[in-house]
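Multiple structures are listed underneath, in C-alpha cells.
Next, two complexes with chain A in common: one pairs it with chain B, the other with chain C.
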Partner chain A sequence: MSEIKIHLEHVTRVEGHGNIVFNARNGAIEQVQWQVSEAPRFFESFVRGRPYHQLSHITSRICGICSIGHALASLKATEAAFGVTISDQTRILRRLAMHAENLQSHILHVGYLVAPDLLGVGSVFPLIQSHPDAVRTVVRLHRLGNEMSDLLCGRTTHPIALVPGGFSAIPSARSLAEMRQKLVDAVPDAASVGQLVLDNAGALPDFTRETEHIALVATDEYAMYDGLIGSTDTGRHPVADYESIVNEFVVRYSTAKFTQHHRNSYMVGALARFNLNSHLLRPLARQWAERFGLQAVCHNPFMNNVAQLVEFLHSLEESVLLIDELLGKGLNPAEAPAKVRAKAGRGIGAVEVPRGLLIHDYTYDDDGLCAKANCVIPTNQNHHNINRDLAAFAPTLLQKPEAEIALNLEMLVRAYDPCISCSTHFLAVRFVQ
Partner chain B sequence: MKPRVAFFDFASCEGCQLQVANLEETLLDVLALVDVVSFREVMKEHSDDYDIALVEGSIARRMDEERLQEIRKRAKVLIAFGACAHLGGVQRLGNHWSPEENKRIVYDGADPRDIGDGNPFFEQPRHRAVDEVVPVDAFIPGCPVNRDEFARVLVALLTGNKPPIPEYPVCVECKKKENVCLFTVGKVCMGPVTRAGCGAACPTFGNECEACRGYISHPQEQAQADVLVKYGLTPDEILSRKTLFTSRYLEGGRTA
Partner chain C sequence: MSSAIIALGNPLMGDDGAGLAALEWVRRKGPPAGAALVDAGTPGFGLLHILADVDVAVFVDAADFGGTAGEIRSFTPAEVGSLRSVPLSSHQGDVLQIVALAVRLGQCPRHVAFCAIQSARIAPGLGLTPDVAAGLPALAEEVMRTLRTMLHGGEGS
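Moving on to the complex of A and B:
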C-alpha cells in the first residue's frame, strides 16, 4: 500500500497564512485542501460608526500590497453614496496611482516570488549571487513602481493624498514629466525580465481547467479604475448587481464565505482581465503576450504569472500616455478636492487591483457615519477556484516524487498571487474522493 | 558569524514586511550584514535558530499567543515591528465589540458552531500588542514602518547601540518642513502628542496625523491642552475623534 501525506503549513512566498493538505492512498486522492488560517480582523464590523473621511484610511490597511486599490474602491463607494462628482484631473491621477500599484505589485510577484520557482531555488536571496544583474533589474523596476506611488499618493504603502473628492496634495508638472522619462527608460529593463521569464517558461506546468473569468470591462480602455462587471460566460453586468455576481455564501460544512456565479467557481486577477480585455492592451504588452503564446481565453492558471508580466508592460505604456494627457491639458496643482456633503445613503465602488476585482459597499447615516460595510476581496473570490484547480491538478501529479508534488501544488497556489491578509474570512473546503 | 534574523507575521496587512523589500538597493547592503534565516513572505527556507526576531502584527487568538511564545523562547532579541505589533493596529478598534458580535457581522449566516470557540481559528479573537503577551526588547513604530528608520534600528542593534527612535513629537518634524499647522485651517491633528520619525508624512500631504506611531513617552500635556483650548477643543474631544491607532491607550495602560 502506498501512501502520500503532505501538509504544507504556512505556504511560503505568498501574502498571509495558508496551508495545503494533500493525502493519497494507493493512487487515489483522499483529500486535497487549501486552508486559510489567517487571524480575522473584522474590518466590516469595526468601521461601523467611523466618519466617512476615515474610511479609506482604515480600509487601505486591509492590504499592504494593494493599499492604493483599497483606498480608491473605498473613496469611490463613499463618493457614490454622497453623489460626489470628481474632476477629470482627479480621475487621471487616480488611474495613474492604480498603474503605479500594478507595476509595484506585479514585479514583486513575478520577480521576487515566482522567479525562484522558475530558476529552481527557494527564494530570491541565492539569486543575488547567481543572477546579480537580473536581481538588480527587478529591484530597479520595483523601486520605479514605488517612486510613482510616492509621487502620487505621498507614501508607498497606505496612501495619504487620496481623499474624498480628489487629492489633498498634487504632484508638480515637473515631477510628473520626470516620472514619464523614468517610465520610458524602464522599457528595456522590463523587456529583460520578460526575456528571463520566457527563457524559463518551460517550468510553468501545462495544466488547463475551464472556468469562468470575471473582471471589470470598459469599451475604451483596459479597465482598471472603472467599468462594468464582465464575465467570460455571461457578458456584462452593472456594478450595482455585484451581489448576484459574487454570491457570497456559506456551506454547511465550512465556515467560509465562498463566491460562485455561473459555474461552481470563478477566477479573478490579471489572467481574467487579459481574457476579457486583451484587445485593449497597448502595443508592447500585446507583443509580449504573443511571444508567450498567451491568447484569450486562456484557462491555464499558471499563465496568470505571464499575464502579470504583460500587464506590467501595459501599465508602463498607459502611464506614459496618461501623463501626456494630464500635462497636455495643463495640470492644475492647486485643484481642491470636490466638495463633499455627507448624507444618508449607500454607495458601491469597484476597481481592479493587481489580484482582481475589488468591491467596497458602504451605507452611511445622515451624519456621514458608516452604518454598514461589505468588502469583496479578490483573493476570497479565488479561494474556491484554487480548490477546484487543486482537485483537478493533484491527480496528474501522483507519479511524481513527494517533494515535486508539494512544489507543484505550492506553485499553483502561488500563481494566483493570493493576498490572504485581505481575505477576512476563513476557508476550509474538503474534497474527499 | 553574521547575526541571524527572522521575520514573523501575525494579524496585519504585511505592509511593514513589504517596507523591507521597499528598501530596494539598500536591502542588498543590509543582507551583507545579516543572514535572513526565516521570512515566509519571500523565502521557502526556514530555520528555528535565530538571534533577532522581527514580529509584525497584532496577537489575536490562543494559537497566536502560543506561536509568539515559541518565538520569544528562541529569539535573543525580539522587536515589535510596526503599529499592529506596537499598539494593536487599526483592528484593535474591533475590541470595542465582543468577539461574538464581530463574528455575527462579518460571518453573517454562518453556523454558530463552526465559528465558535471550539474552532481554534475563531477562538475569542481580541487584538493586542506584542508586549501585552511577551516581553519585547525594542519596537519600530508606524503604519507602515518607515523603511529608513527600520534600517537605522537594525544597524543600531547590530552595533550594540540604543535604537534611535525619536522622543519628540511630530510637530517638530512638521515645523522643520515649514508646513502650515493644520489646526490653523480647522483640522484636528494628533501631531502634538505623537512620536516623530515619519517626517510628518501625513501633514506634509495635507492630512491630519492619526498617531499611528503612538504617543511620545513624556508628552507636554499642558502645552497640548493649551493648543486644543486655543482652537476650541478639549483633550477628550481629540481622543474620541482620533482613535484609529491609539485604542490601546484608551483601553488602559500607556506603556511602549
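Moving on to the complex of A and C:
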C-alpha cells in the first residue's frame, strides 16, 4: 500500500491564511482541499455607526495591495447612496488610480512571486544571480506603479486623497506629464519581463477545467472602474443584482465565505477580465496576448499570470491615454470634490481590483451613519474555484515525485494571486508516507 | 550624504509600535538636517525603493533579543543575521531579506544599522507597555547618535 499525505500550511498570510491538504492512497486521491483558516476581521461590523466620510479610509485597510480599489468601491457605494455625481476629471483621475494599482500589483506578483516558479528556483533571491537585470527591471516597474499610486492618491498604500465626491488634492499638470513620460519609458522594461515569461512559459502546467468567469464589462473600455457584471455563462447583469450573482455561503473547513453562480464555482481576476473584455485591450497588450497564444475564453487558471502581464501592458498604454485626455481638456488642479449631502439610502459600488471583482454595499441612515455594510472580496470569490481546480488537477500529478506534486499544488494557488503574502514561498511542508 | 530613519512596526500589536513612536520622538527632537523620516509600517518589496535612494539608513523597531524590557541595542544587518534563530521582531525575516536583496542588487545604502528596543508584549492591542514607553526618549537619542556616527564616521554595514 502506498500513501501520500501532503499538508502545505499557510500558503496564505495576509488576506487569507490557507493550507493545502492532499492525501492519496494506492494511486487514488482521498482528499485534496484548499482550507482557509484566516481569522475573521469583522470590517462589515465595525463600520456600522461610522460616518460616511470615514468608510473609504477604514475599508481600504482590508487589503494592503488593493487599498485603492477598496477605497474607490467604497466611495462609489457612498456616492450612489447619496446621489452624488462626480466630475469627468474625477472619473479620469480615479481610472488612472485603478491602473496605478494594477501596475504595482501585477508586476509584484509576476516579477517577484511567479517568476521563481517559472525559472525553477525557490524565491527571488537566486534570480539575482541568474537574472540580475530582470530583477532590477522588476524593481523599476514596481517602483513606477508605487510612484503613480503616490502621485494620484497621496501615498503608495491606503490612499488619503480619495474622498467622497472627488479628490482632496489633485496632482499638478507638470507631475502628470512627468508620469506620462515615465510610463512611455517603461514599455521596453515591460516588454523585457514579457519576454522572460514567454521564454519560460513552458513551465506553466497545461491544465484546463471549464468554469464560469465573472468580471465587470463595458462597451467602450476594458472595464476596471465602471461596468455591468459580466459572466461567460449568463451574459450581463446590473451591479444591483450582485447578490444573486455571488451567492455567498460558508463551509465547515474555511473561515472565509465562498461563492457560486451558474456552476459550482466561478473565477474572478485578470483571466476573467481578459475572457470578457479582450477585444477592448490596447494594441501592445493585444500583441503580447497573441504572442502567448492567450485567447478568450481560456480555462487554464495558470494563464491568469499571463493575463496579468497582458493587463500590465494595457494599464501602461491606457494610463498614457488617460493623462493625454486630462491634459488635453485642461486640468483643473483646484477642482473641489462634488458636494455630498448625507441622506438615508443604499448604494453599491463595484470595481475591478487586480485580483478581480470587488463590491461594497452600504446602507446609511438619515445622518449619514452606516447602518449596514457588505463587502464581497475577489479572493473569497476564487476560493471555491481553487478547490474545484485542485480536485481536477491533483489526479494528474500522482505519478510525480512528492516535491513536484507540492510545487504544482502551490503554483495553482499562486496562479490566482490570492494576495501578496498568499503567494510567497515561505511554506512549511510536511510529508508522511 | 542622503539619509533616512526608517521606522518599522504595527501600532495595533502592542510594543510592536515602539519604532513608530520613537520616530515621533525623533521628529520632535529635530533629526539631523536632510534626514528623511519614514514610517514604513510593515513593509514589503516597496522597502527596496526607499533603500535605493539613500546612502545611510537607520531602522528603528521593537525587537526580542533576549534583553530586559525597554533595553536598547544597535546592530548592523550582519549582526542581526547571526541572531536569526531568535526572533528579532515581527518583521525580522521580511526586512532582513529585503535588505539582503538590496545588497545583492547593488541598490543598498552604503551604511545600514538597526536601533531596537526590547519588547515586553507583542500581541493585538493598542499602547506600549510601561518599560518600553519609558525607553522611547533614549531610543530616539540612540537613533540620532547612530545616524550622526554613520554620516560622519562611516559605521554600519
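Basically, the second predicted complex is superposed on the first by the 407 of 433 C-alpha atoms of A that agree within 3 Å, B and C clash if a C-alpha of one lies under 4 Å from a C-alpha of the other, contacts with A are read in each partner's own complex, and residues count from 1 in each chain.
Criterion: contacts are C-beta pairs under 8 Å (C-beta built on N, C-alpha and C of every residue); 3 or more make two chains touch, one makes a residue touch a chain.
These numbers were taken from a predicted model, which means no experiment stands behind them.
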Chain A residues touched - chain C or chain B, whichever exceeds: B
Which of chain B and chain C A:V139 touches, first, second, both or neither: both
Touching partner for A:Y112 - first (chain B), second (chain C), both, neither: both
Touching partner for A:I160 - first (chain B), second (chain C), both, neither: first
Chain B versus chain C as contact partner of A:A169, first or second or both or neither: first
Partner chain(s) touched by A:F42 [first = chain B, second = chain C, both, neither]: first
Which of chain B and chain C A:I58 touches, first, second, both or neither: first
Touched partner set for A:S67, first chain B, second chain C, both or neither: first
Footprint overlap on chain A, comparing chain B with chain C: 64, 108, 112, 124-125, 128, 135-136, 139, 142-143, 146, 156-157, 421, 426
List of chain A residues in touch with chain C within their complex: 64, 108, 112, 124-125, 128-129, 132, 135-136, 139, 142-143, 146, 156-157, 420-421, 426
Contact set on chain B toward chain A in their complex: 9-19, 21-22, 24-25, 27-28, 31, 36, 39-46, 57-58, 60-61, 64, 89-91, 93-94, 96-97, 101-103, 105-107, 109-111, 114-115, 119, 121-122, 125, 127, 143-144, 201-202, 204-207, 210, 244
Partner chain B, residues of chain A touching it in the complex: 10, 12-17, 37-46, 48, 50, 54, 57-58, 61-65, 67, 108, 112-113, 116, 122-125, 128, 135-136, 139-140, 142-143, 146, 154-158, 160-161, 163, 168-169, 249-250, 252, 254-255, 257, 421-422, 424-426
For the chain C and chain A complex, residues of the former touching the latter: 44-46, 48-49, 52, 93, 97, 100-101, 104-105, 107
